[in-house]
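I've put the structures underneath this note.
Below, chain A partners chain B and then partners chain C, in two separate complexes.
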Partner chain A sequence: MHSFGYRANALLTFAITILAVICALASVSDNFNSPSPSSQVQVLNINWFRNKPDGDDEVSMTMNISADLQSLFTWNTKQVFVFLAAEYETPKNSLNQVSLWDGIIPAKEHAKFNIHTTNKYRFVDQGSNLRQRDFNLTLHWHVMPKTGKMFADKIVMTGFRLPQSYR
Partner chain B sequence: MDWQGQKVAEQLMQIMLVVFAVAAFITGYVLGSFQLMLYVYAGGVLLTTLITIPNWPFFNRHPLKWLDPREAEKHPKPQVVASSVSKKKSNKK
Partner chain C sequence: MVVTVALMIWKGLMCITGSEAPIVVVLSGSMEPGFKRGDILFMHLSKDPIRVGEIVSFKIEGRAIPIVHRVIKVHEHQNTGELDVLTKGDNNYADDTVLYTRGQKWLKQHHITGRAFGFLPYVGWGTILITENPIIKYILIGAMGLLVITSKG
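== the complex of A and B ==
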């Protein structure tokens, strides 16, 4: 601590190291949050269902997606990224996941929503396996922190089935 | 600053920063605001800077006793290499 510059340097370095420790603690505090999210999806209508010229099946549907993700937010949450995926099994693949819709929730106030929409991204299969196919609609989310670890989880909703023939 | 002052300044800096860090974390956690935590901590860093970095008089309460130049002339440096107790900043006349 011999001179002004020496003390300034020591203080700045120590202050920034402690800042890193505070941010790590803030991330650890996220583990004490026990969230209780809920969601529900209804498929209102299958708009069309066809076999594309290149051989793959494609379907378009209108859905009602409602969810309450407010309990996911902590003081250390920047935003929550949420997406809805259709998941099903085919003879060729044990698991197919197709993202149908996604969104970013910037704050707790917007985390309880009810959305009436067609699928934002195209529901296309690898092949023509979709006729009469049972599928799950799974709501995945990633809780993105301001500092530290990101948490991801999902809710699986079963019981959906595609029509028997093309429309 | 004197030696005692330097030690006090360093200890004060470390203690103040840790105390402000703890206070900032608790405030932010309880009130649920990450931004508030950063503001409290930034304020603490600024306060610590103002108190420990400039050369305040209270850091110089045990000043070093430099030998008076006229006194040094009366006692010339011995020829033999001997360990001197006090560091002399005396100017050669």
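== the complex of A and C ==
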């Protein structure tokens, strides 16, 4: 009844239970954080705009991305994955989402940033529908916890338009 | 007893989450520093269309083990609602076109086996140790068998 094996087993079970409860509580505590992130993006220049030989449109642009995501961080946050996507509708597709840039924010101190960049991933359409196309730029973030549930949200910025002709 | 309970929990999770693999162990470093080798992810599979930024597990024809990567591109076809999805590992330099079957440019809805919603670190290390060192598995099974035989009930 009180052999070494039984005691070791009981102790291990108890320790794992406590650990699981603490992990669950840490994850639940994230729900009490009500973040207020902000973001602003400017398209500074259309570097080039072409129709690729396979028929798809492709554009390269320079952007200025600034955001303050500090309020997303809690004690249970490991990192925040942030990315900017172009979102638009075409006659062919009811929704197109194309990631243009992304970054990993490892700590709260780096969560307020202002960067000047060209699109890191290619902005290629399915087809040739980008001329004079209105699009949104949406800043998405994905909060990765130390343990538990992941959170995601976004800020949509509207009113961007691509040029009328290739250049 | 333990095996039965484990199987019940697994099948129960499959029913609730709708995913054929509700828990996956991260096997590579392609999603670092978010997910490391040995971390586990909880997956679900709902009917909602997949959107950019989600972390999904997908199966490629001819590969047994699903890959867990992030969606970086989505094209949803007008009328049919059919999806074309492109993925990439956070820690990889290039997107996943090279991992797909030759000539395959996009993932379709049916390739996707799960969508991640929860995370626990380190818990999957046991699985990795056992699969990569079969000897440990035999020692474990042997020890359990011995315990069963020698226990006085």
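The working rule: the second predicted complex is superposed on the first by the 166 of 167 C-alpha atoms of A that agree within 3 Å, B and C clash if a C-alpha of one lies under 4 Å from a C-alpha of the other, contacts with A are read in each partner's own complex, and residues count from 1 in each chain.
Here, a residue touches a chain if its C-beta (ideal position, glycine included) is under 8 Å from a C-beta of that chain, and two chains touch if they have at least 3 such contacts.
Since the structure is predicted, the reported quantities are computational estimates derived from the model, not experimental observations.
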Side-by-side fit of chain B and chain C on chain A, or clash: fit
Partner chain in contact with A:I22 - chain B first, chain C second, else both or neither: first
Touched partner set for A:G55, first chain B, second chain C, both or neither: neither
Which of chain B and chain C A:P163 touches, first, second, both or neither: neither
Which superposed partner A:K92 touches (first chain B, second chain C, both, neither): second
Partner chain(s) touched by A:F14 [first = chain B, second = chain C, both, neither]: first
Angular separation of chain B and chain C about chain A, which is computed from CA centres of the superposed model and rounded to the nearest 10 °: 50
Residue contacts with chain A in the superposition, chain B compared against chain C: C
Partner chain in contact with A:K146 - chain B first, chain C second, else both or neither: both
Overlay on shared chain A, then closest C-alpha pair between chain B and chain C (Å): 13
Set of chain A residues, in rising order, touched by both chain B and chain C: 146
Contact footprint of chain C on chain A as seen in their complex: 23, 27, 78-79, 81, 83, 85, 90-99, 102, 104, 106, 121, 126, 140, 142, 144-150, 152
Chain A - residues contacting chain B, complex: 1-2, 4, 7-8, 10-11, 14-15, 18-19, 21-22, 25-26, 29, 74-76, 146
For the chain C and chain A complex, residues of the former touching the latter: 33-35, 51-55, 70, 72-79, 81, 84, 90, 95, 116-121
Residues of chain B touching chain A in the complex: 1, 6-7, 9-10, 13-14, 17-18, 21, 24-25, 28-29, 32-34, 37, 41, 45, 48-49, 52-55
